[in-house]
Each structure stands twice: as structure tokens, then as C-alpha cells.
Amino acid sequence: MDFYDLTKMTWPEVAEALKTVKLAIIPVGAHEQHGPHMAESCDAVLAESMSHRLAQKLHPYALVTPTVNMGVSIHHIHFPGTITLKPSTLISVLRDMIWSLKQHGLRNFLLLNAHGGNQSTLSVASAEISQELDVKVYYAKTTASAKAAIKQHVHSTLFGHSCEREVSEAMYLAPQLIRQDKLEKGVIVEGDWRLLRPGQPLQGHYYYDEMTSNGCIGDATAASLEAGREIVEEALEQLSLALRKLLLS
Amino acid sequence: MDFYDLTKMTWPEVAEALKTVKLAIIPVGAHEQHGPHMAESCDAVLAESMSHRLAQKLHPYALVTPTVNMGVSIHHIHFPGTITLKPSTLISVLRDMIWSLKQHGLRNFLLLNAHGGNQSTLSVASAEISQELDVKVYYAKTTASAKAAIKQHVHSTLFGHSCEREVSEAMYLAPQLIRQDKLEKGVIVEGDWRLLRPGQPLQGHYYYDEMTSNGCIGDATAASLEAGREIVEEALEQLSLALRKLLLS
Amino acid sequence: MDFYDLTKMTWPEVAEALKTVKLAIIPVGAHEQHGPHMAESCDAVLAESMSHRLAQKLHPYALVTPTVNMGVSIHHIHFPGTITLKPSTLISVLRDMIWSLKQHGLRNFLLLNAHGGNQSTLSVASAEISQELDVKVYYAKTTASAKAAIKQHVHSTLFGHSCEREVSEAMYLAPQLIRQDKLEKGVIVEGDWRLLRPGQPLQGHYYYDEMTSNGCIGDATAASLEAGREIVEEALEQLSLALRKLLLS
Amino acid sequence: MDFYDLTKMTWPEVAEALKTVKLAIIPVGAHEQHGPHMAESCDAVLAESMSHRLAQKLHPYALVTPTVNMGVSIHHIHFPGTITLKPSTLISVLRDMIWSLKQHGLRNFLLLNAHGGNQSTLSVASAEISQELDVKVYYAKTTASAKAAIKQHVHSTLFGHSCEREVSEAMYLAPQLIRQDKLEKGVIVEGDWRLLRPGQPLQGHYYYDEMTSNGCIGDATAASLEAGREIVEEALEQLSLALRKLLLS
Amino acid sequence: MDFYDLTKMTWPEVAEALKTVKLAIIPVGAHEQHGPHMAESCDAVLAESMSHRLAQKLHPYALVTPTVNMGVSIHHIHFPGTITLKPSTLISVLRDMIWSLKQHGLRNFLLLNAHGGNQSTLSVASAEISQELDVKVYYAKTTASAKAAIKQHVHSTLFGHSCEREVSEAMYLAPQLIRQDKLEKGVIVEGDWRLLRPGQPLQGHYYYDEMTSNGCIGDATAASLEAGREIVEEALEQLSLALRKLLLS
Amino acid sequence: MDFYDLTKMTWPEVAEALKTVKLAIIPVGAHEQHGPHMAESCDAVLAESMSHRLAQKLHPYALVTPTVNMGVSIHHIHFPGTITLKPSTLISVLRDMIWSLKQHGLRNFLLLNAHGGNQSTLSVASAEISQELDVKVYYAKTTASAKAAIKQHVHSTLFGHSCEREVSEAMYLAPQLIRQDKLEKGVIVEGDWRLLRPGQPLQGHYYYDEMTSNGCIGDATAASLEAGREIVEEALEQLSLALRKLLLS
């Protein structure tokens, strides 16, 4: 094992690892529809895989906790199989995890999140838990910091869910998630959602089926292993650099 | 009265207004330090003023509710006078307000927010309340959509709190908030916060006094009435346009 | 400024004021119908105005916080425009405010309340918050202690909401709340409520529209500026006297 | 059995009784110190006894539920043996009871309360539960309506807890609560509480040991069986009269 | 009094008793249907009676608190008169009681429970409250430890509610609960519940009326005073022995 | 795929599966120390593996949801790495999952639990959620129904955590959890816990380190693949038989 994976360790092994570990990485995913070409655990699997790789880069200073394998997915609930947690439930889970890990001496936490729909809740969780438990809770979207690679490889104007970016990441990190023979572009439906996208004057809740009839946006057929590799590696480089500055300098 | 201000109306007047009103605008502010040159009610006053002007533009289709005059300001708590609500408290207040207004027949709500620290909580509130009460809850940062005017008038790389943008807005909307003789640049302190700013790979909670010793960022001395007018008017134009599309087409 | 108004102060001004301040006055109002002749913000505006005047009398020992501008008004919900908070929401708001102000060194709090429907909730809040946060939380109905002036000026047997007492107070404190040309007596409807009024063997919840079809009780046409002045000034005298005994002796 | 006591009935007997019953009386007491001369269950026992007698007067239209034998007594917690519920806990108990009884067809509820410290919480409970569950929840202080008898028999200016009124009631209703050989006047301690008594401009939380060193106020040595009988019977007459008007006319 | 009954003591008596008391026994019952031959308060009365007898055996080291006279009885709600608390409500009541008693110096608590339907909730309460309040919270089913006597006297394969065991216990402890002329065997209805009984592979919620049309199981006509005496005395012996080991050795 | 694994399916595949599926199996595990010879994810992995095998036996009538990979483990918190959820958090997660799955048409749920410490909480969850959401929530300990095989293969008097039973199950289901070279008997510490074991008169919370210094009980060195196979297969047979009776007859 070239990183500390809490799920695979015994308690004496954890005790030994805690001598150097300064950061717990908590993978945060979701369980929600990803169109006809990706399995519903996509975000949980990608968050876990990214956490493992990030922990490798930070070894022996980081450990990876069990994955939070469901998230806030109310906007996908109309598609079969989607499971959503209330924001308050997700915060409770994170609070209990962090409280527990603090008992073992940890003070720094990274919520490494693969699901955009969790970001607001994680922001609230970061502020609340940091103050209540007197710890540092950081959070990050897994590959958001891969700005150069995304600019190079992602060409859809509307993307971010089971699109060429996400499918590329999965090709590199977890190809078992993908139905190669079902790759489809998003089938966009017109509606009010256009007025509520990031960057628009207004924000607000809408259901994903108001925007896309197959559950995807962007163009999954444009995905590639190479794009996935570059996006993932750039993001890991950015994240590990920032964490080293925060924790090790 | 050239718009519907719920705080100033009697119930028969409200009954009459409800014949045309399609949207309730809920001003959401904060009560927190704004450096040596702005009063602590800044965000509440600006949110209320913006709401009034937006309602004028949408008259007779909008009404303005009482202002939520405190918000999520835990990051400012080390400065004297700051009051913070827990995110869960703010959501409860909004839920109760929207439940009440739904009793009177309203179904569309805009949380018009002047305080960045509220945005995550409002995002959670929008999703939770929209679903629980079967209504539409939109939210917007008051002047975030004034992209052109902000690009033109704001030159600090780090801005967003009692800076030239906010002071300019107040010069136009509520000059009584400003101590003209105390205008100061932010006095920046170096620290981990640089690694946690918007756009960085990591996000997370930090206290404002870790970043600035006088409670400001940006350069308030560069503020001007003209900048304020252009920012505010561009934002109002953007917001009213989007709302007309959503509600009236 | 002849009193400390937290909403209008900068943080350095608050820091200076805290050298003498021993009491935070929290104005507590409501947003609810007040018949055809008063605006719905009546209780919030009167609570704020009374708080300002009381702080003047206690200067430099008191400061006034932002106003809690909505309260427990479920009994008025059938009249257009009324907004109600759940009692638990109101208590959460007060707890968060008092927790925040305690961070700045304050230990004594007065909930100065203009709305009868809040009293039970404030009583619960006083006991709970005093114990949880180890502070002193007092509460008072704004003009309840003006016993002599009320006896002299109020002649309706059923009064207490948009009646001659309240309208008189508003004439003195905030005449903009009043529609002078709409002043009406309460139009009483018979019903079970008579068995549930204060002083009756039974108490219990009833809706205001079961009691009055125009939303008023008492006789607003009997209101006068002079009555308002005497009621308000007697109450301020009583409140400031009691507070001086509690805090300054 | 000349009244319906739910605790002593089998389910077929309850089914039969429900054919006529229109009201559930919920006795609400407390478990708190009552000085050296009364047992700590005083309020629970008196509430239960009053409820039984009231149900007799209303037979066959009322039934008595199990007694809520603890209440809000934080102000007595410094005296050994006192148990207090949080207001939110008491409301939850009442909500669950009323929800359950509504399943059996009941819609009218009287919280018959022997403990002053519960009144605010019961007022909140009445409003909240009436609305949430669409029922009628009334509440009453057991003997507060015995105005004539209290005026005649109670002469202490400060009374209301283990005083001549309460001891007299117990002599009539539950003499086993009384230590006849220990009857004492309240031993009053001076303090801020005088400024916070009912009728004073300010209200607020204080601990009972700040007011009385033996836990009593008033003059228990002036109690009499005759006073107890008159107070109790007058109150029962008032309560049953009001309830008959509400429920049976 | 040969044991400490908190409900019957004055505060100076409690103060004296606390010099030796090491354990608070909290009787936990229920209010629910017990068929045609037992009163609905059965579990509350039996829990209280058992607590008194156990305290006698442990005198002067134990005291008995007020009885929690309602419990988790949702599975009986279809029978007239049943009242149920939510599990979270019951836990709140217990937390408040234990918090209060800890103020008086107590650290060990026994939840002595007569109602099977409470056991899971008490298990959760024990773990939560022990940790939150840093106390020891034990719990026990009143007569579950009378293994020999139950084996000897109870012959129904399906028993545990208003059966020969429970009726026998009541004959010995509280015969007033029993309708001697109505004693009936349980009238069993076939259904899925057989697949969900203790010891089956699956567990789960079902309503009691799916299992028995008269609300009983087992054979109440086989009850006897002698069986009750032996069951109760064996259980008291077992419980007091275990408690003496825990607290006094 | 010979069973429906929700985490590996796309939404169109779920839509197709829902045509026959009658039951959702929710694997419930824990993340807690399992001595020096098992990984901390043991209960989560075993619950998931058992759920997969059970779904195979029930195909095409069952699907398996994402695994609840942390549980109530406060009693293990003193061992490094253990994470515990509050019971209320676990119930919230289950409520949200079941609410979501009900949106997709499912009405029957099995919480298949590998961790004894979760059982009370699952019992409470089953009753609460079944009633609130009008669904059927069953729960089962994974291998508790393998009574014959356990009797044959498990000889320790004290067993149930990282013992020969659990290690045998893992040898058959998930050998990667085991450190074959570290297998140890439990190192038992004497203490009060003996008085609180299942079957004792008293129950109550104790920490696992009060009972065993290496975190195990029983004798892991006596584990065998054959024992694991027989325990697992007997349990699967029992569970599938019971579920077929409940759901398919």
C-alpha cells in the first residue's frame, strides 16, 4: 500500500500511521443517474479514486477515510435509481466523521467532492464544523483546478454531468463505470433552466429532466483517455501543491 | 408608492396588490463589520435598497418583504459588533417566511442577497424549500451580474468586502452608510487564506482577521458615485430582464 | 448620535462603545396585519423606536441591536401579508444573536417586544438562553408598564391590537405607519374567543379573523398624539428605572 | 368510576367511552422542590387530582389522560431533587400525546397545569400543536380562576409556590403531600428578582434560591382545609362552565 | 418509608438521602392497550412497583424518580386509548431527567422498563446519554432475568403482552390493573408477523392488531398470584445482585 | 450481472429492473476496529457481500443499494481509526435513502446489517420510517439466523467481534479483510462489562477497551473457510426463504 486507506487498515496499523498523518481526506460522492452511459455510483467512485491518488502524492501525511457514497441529488430524483440525502443529513454525517477522527488526533480535513450538487452543502459544513469542533475543514471539487486541461479538452458550452469531461476522467480512473457502446450526447430540452445556470444573474433549483431527457449534458462521445489523464493529473498536481503549502510549510 | 413594499402596506392594500403580484423579493443581508468606513448594517441596507429598485422595475408584478437583516457572518465574528446566524437558523427563517407568503397565494420567491457569506446557505435553502413547499425559490447576489461595470470600475485583484465596489454601491444607494473621512484601503495580512480564495484549488473557512487587520479588502478610496450607479443599474437591468423572462413570458 | 445604534456603527466605534455598554437592547417586533389603518410592520417599527428612546435614557450603558422584524403571528395568518415565524425559529434567531454579542463581551440582554403574541416565546427564550449561554436575558412588552396612562387613555374593554393604545403610540413614535383617513373601530365577530381572552379560566389558540373582520379590536378613532406621548414616556420611565436598578447599582 | 380515567381503563372500555367523550384533559405538573413542607411531586399530584374532579363535572364528555409528571423547572434546579424538562421536550411530549389521541378521534384538548413555570411553554404548545395537527388545544392554570376565594384567603403579597394557597389546595386534594409539622413561611432573600416579578416592567429568568432560602414564598402556616376547598371548588366551577360553553353548546 | 421515593420527599429529605444514594432508578412504562382484561397503564404501574421493590432491596443506596408513564407504542396505536411517544421524544425526556439528577450529584442510572417496545430506544438512550453527559446509564426489562420462574410458569409459545406472565406479575404487584372477570386468551390472527418475531431471520415493524384481535397474546387465564410472586422475586434478586456488584463492590 | 446492483447500473437499466423488483436491500455496516487481524471496513464489506449474495437468490425481485459504510460504533472509539455515527444520523441517512427509493416505486426494504452495535438503532429506524413513509422496513443481522452452523463451529463462550465466527465469514466472503499472520485470540480484560452482556439482568453502554485489550473477543485462530461457508450459506437460505414468503406469496 503506497498510501493510507483507512478502510483497509487494522487499528495497530492506523496507530502507526497516525505518527505522520496530518490530513484526513474524506471522499464525497453521490448516487445519481448519469445518463445511459455511466453507472449511478460514478461520483462516489471517482471521488474515492481521486482521494487515493491524492493520498499517494501526500504520503505519509494523508489518510483516506471511508467514502461518503451518497450526496445531495434532489435535482436528479426524477430519474430511476437516484438517491438523495438532505443537506442537513450530509452535514450530520460529516460532523460525526470529523468528530470521530478528531478523537484520534486529526485536526485537518479535506472533503474531496466529485459532485457539483454537494458544493453548497460542503461550504456550509466547512464553516459550521470548523467552528463547532475547532478543526480545519477544507473542501474541493475533484478536478475543478485542472483549468488548462479542461480548456483544452472540453468544448461543449454546457457541460459538467456525464459529459466529455466526466467520462474522460472515468476512462482514466474507473473505466468500469462506462457503457462504451451507449455513449451519447446530452439531449437538451429547452426551459427556464437556461436562466439559472452558473454565471447567470439568477440561481435556483430546477430538476435535471427539465434540461435533458437522457440525463446527460455535454458530449460524452468526445471523451478520451488522454483527456482524462491530463485533467486528473493536473488537478492532483494543483491539489497536492496547495495542501503541501497549507500543511507542511 | 411606485412599488409594493409589504412593510408599509395595510392588509386591504396587500389583498389588492396580490391580484397582480407574481414574485416576492426577500432582501437578505447581514450584520457584520465593514471596516472603519462603513456601518455594520451595510449588507442589510443595500439588499433592501436593491430590492426596492428591482420591485420598481417589475411593478406591479413584485412585492418586497421585510428584510432578513442578519446572515451567516461567522468569519467576521472576531470584529466587534458582528452578529452571525447559524446556516440552519437562516434557512428556518426563510422557510417560515415562504410558508407564510404561500398562504397568501405566492409561488415565486427571489432571495436578493447582498452578502457573499450567505450564498452557500441560500443555495441549500433554495433546493430544500423549493422541494418541501412546492414553490420556486430563486436567489441572486445583488450586483454580481453587473459584469461590465465591475470590470470597468474595480481594479483591485482582491475585492468584495467594503472595497471600491461595495462603497461605490453605497454611495449611490445609501450614502449614510459611509464614513467619507475614514475611507481606507484594506490592510492585508499574509496567511493561509490566499490558498482558499475563490478560484483556488481548495476552499475552506478562515476568519477575516487572518486576512485583513482593518476588516476591509480592496481599495475603498477608489470608490465613486458614478461606479456605484453603473454597477447598480447594470445589475438591476440584468436581474429584471431575467425575471421577466421567467415570470412573465 | 445620542445613543448607540449597532446598525449605524463601524467596528472601531463599537469597540469604543463597548468600554461602557452593559446592556444590549434587542427590538423584537412582528410583521402582521394591523387592520385597514396601520402598516404591517407596525410592531417592528414601534419596537425599534422604543428601543432607541430607551437607549437614549440609558446612554452610554446600552446599545440597540438590529431589529427582529418578524415574530410569532400564526393567529393573523388568514389576513393577507402576515408572516409568521415558528416559536422555535424565533428562539434560534435570539440565541444566535445573543451568542454573537457575548463574543464581544456583553452579558445582559433586553428583548424589547412590541407584539403580545411573542411574549410566551420570549419567556421560554429567556429561560433557555440564560441557562445555556450563562447570560441574563430580560424581556418586556414595550408599553405594558405604562399603567397609569393606559388607564387614563384607553377605554375599550377589548383592546391590544391596532386599537386606540397602539395607534396613539404610533402617532407619537412613527406616524408614517398610520392611514389617518382609514381609522376604524374593530368590527367584532362573536365566537369562542371570548372564552379564551386573558383573565378567562381557559386560554388557547384562536385565529384573529374569528374575532374581528377588519383585523382590529378597540377603537382606533379614539387615538391621540397626547395619549401616545404619555403612554410611551411613562413606559420609558418605568423601564429605564428598573434597568438602572438592575445594571448600575 | 364516575369519570373516565384513561390509565384505569381497558381498550374496550375506552372504545365505549369515546362514543360520548369530546375532550381529553391532560394533567400537566412538575417535579420540583416545594420547600420543607411539601413533597416534590406536588404539582403533578394536584394537576391529576384537579383533572379527575373536572372530569367528574363534565362526565361523560371528558376523559383524563396519563399525567405529565415533570415540567419546566430550571429555576428550581439548585434545590436537591428537582427535575426539569427543556421546553422543547415538554412540547414534544404533548405533541406525541395529542397526535395519538387524535388517532382515536379526539379533537379537543385541555392542558390542565398546576405549575406556573410551565405556562409560557404551554402557550407555545397550544399555538403550535393546534395548527400542526388541526386540533383545539386549550390550557389553564388549575386554580387561577378562583379569583374570589383567592382574594379572600390569600393575604401574602408574594405568593404562588408552596404558599398558603398551594398548601390549602393540597389539604383539600392531597394531604399526603404535606409535612404538617414542618409548615414554614417563605424565608425571603433580597435580590434582583423583585424587579422581575409578574406586573413589573421587566421579566426574566432568575433562580428560586436567589429569592427564598427555604424554597417557599408566602405563608404556608396560614393554609387551611376550608380555603383549599373554596379555591378548588370555585376553580372547578369556572373551568367546567367555560368548557361546557365551548364544547357542549 | 423503607426506600427513597423522590416523588414523596421534600428537598431537605432529598439532601439527606443523597449522602448515601449511588443510583437513581427511573421507572419506564407505557400507556397502551392490554386487551380486555388489563388497564392501559399496566406497564407504567408495573415499572413503578418493581422500582419501589428494587429500591427497598438496595436501600439506602438507591432512590426512585418519577415514572416515565408513556413509551414507544406505535404498534398498538390502532387500539383505542393507546398513546405513543416518538423514540426521539422518549430519549429527550430521559436526557433531561438524567441531566437534572446529575446536577444533584448522581452518576449512575437504571432505566427499569416494563415495556418490550421501549428496549431498542433505551439501548440507544443508554449509549447516547452515557457519552454525552459522562454518566453510567443502565437499563433492564423488569422481569426478563427471572428465567427459572418464567420457564416454570409460562407455557404459551407466543407470550409477552397481557399474557399469563404479565397478568401474574400484576396479580402480585398491582391487582387493581386486572379485570378478573374478563381474562381471555389471546385471539391470534395469522399474518406476516410470524416471520418477524424475535428469533426469526427477519425483524420489522408490524401492528399488534395484525397479530391479535383482542390485543393479547399468550393465555391470561393461566395466570396466578404464585407465578407472579416467583417471577417478580427472582427478577428482583437478580437485579439487586447485579447492581450491588456494579455499585457497591 | 446475476443480480441488480444499483451502484453499477445506469438509469435506463434501473428503469427496466424496476419492472420486477419488489425489495431494496440496504447493506448496513460500520467502520470500526476489528483487532490486529481484520481491516476496519470489515462490517461494511461483509454486509455488502451478503447483500449481493442474497440478491442473487432473490433475482429478479431484489436490488442492492449503496452500502451504508459507517454505523454506530461509539463503544470502539478509543481504538485508532474507528468512526461512529450518532444513532440519529444513521436514522436520517436511512430515511433519506428510503424516501428516495420510494419515489422510484419501491415499498419494501431490508436493512441487512453486519454490525451488532447498529441493531437497536435499526429497530428504532424500522418503526419510525415504516410509519412516517408508509413503507415496510425490515432488518436483519447478516448471519444471525445460521443457528445450526454457528452452534457447530463457534465454541467460544464470549464471541461476536473479530472472533472465529466473523473471521470465518470473511474467509469465505472477503478474505482480503484478514491478516492471516496476525490472527489472535481476544485478550480479555476483567471488568463491569461481564455484568452487562446479552442475557445478563442489566444492559448498558461500556467501551470495548474495558473488555479486550487487542480489540477482539472469541478465538480468531479457530476460524475456517468451511465454517464461513456453512454459516453464510445457512443464513442466506434462511433469509431468502423468509423474504420469499413475505414478498412473493
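Chains: A, B, C, D, E and F, in written order; residue numbering restarts at 1 for each.
The criterion applied here is as follows: a contact is a pair of C-beta atoms (placed from the backbone, for glycine too) under 8 Å apart; a residue touches a chain by one contact, two chains touch by 3 or more.
The chain list, named the UniProt way, goes like this: A, B, C, D, E, F = Creatininase family protein.
It should be emphasised that the depicted structure is a prediction, and the values quoted were computed from it without experimental measurement.
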{"item": "Set of chains whose contacts include both chain B and chain A", "value": "none"}
{"item": "Contact-graph separation of chain D and chain E, given in steps at minimum", "value": "1"}
{"item": "Common touching chains of chain E and chain B", "value": "none"}
{"item": "Chain pair among C-D, D-E or A-F whose interface repeats that of A-B, sharing over half of the contact pairs by residue number", "value": "C-D"}
{"item": "Copy pair chain A, chain F: interface residue numbering same or different (half cut)", "value": "same"}
{"item": "Result of counting contacting C-beta pairs for B-C and C-D, higher pair", "value": "B-C"}
{"item": "Where chain E and chain F are represented by their mean Cα positions, the distance between them in whole Å", "value": "29"}
{"item": "Centre-to-centre distance between chain F and chain D (centres being mean Cα positions), rounded to whole Å", "value": "49"}
{"item": "Gap in Å, rounded to a whole number, between the CA centres of chain D and chain A", "value": "56"}
{"item": "Per-residue overlap in chain A, given as positions that touch at least 2 other chains", "value": "86, 88"}
{"item": "Graph class of chain-chain contacts, one of line, ring, star, complete, other", "value": "ring"}
{"item": "Neighbour-by-neighbour ring order, given that chain D leads and chain E comes next", "value": "D, E, F, A, B, C"}
{"item": "Chain F residues touching chain E - in the complex, by the definition given at the top", "value": "72, 74-75, 86-88, 110, 119-121, 123-124, 126-128, 130-131, 136-140, 144-145, 192, 195-196, 200-205, 235, 238-239, 241-243, 245-246"}
{"item": "Chain D partner contacts - residues on chain E that touch it in the complex", "value": "6-12, 14-15, 18, 31, 33-41, 44, 65-67, 69-70, 77-86, 88-89, 92-93, 95-97, 100-101, 103-104, 176, 179, 182, 215"}
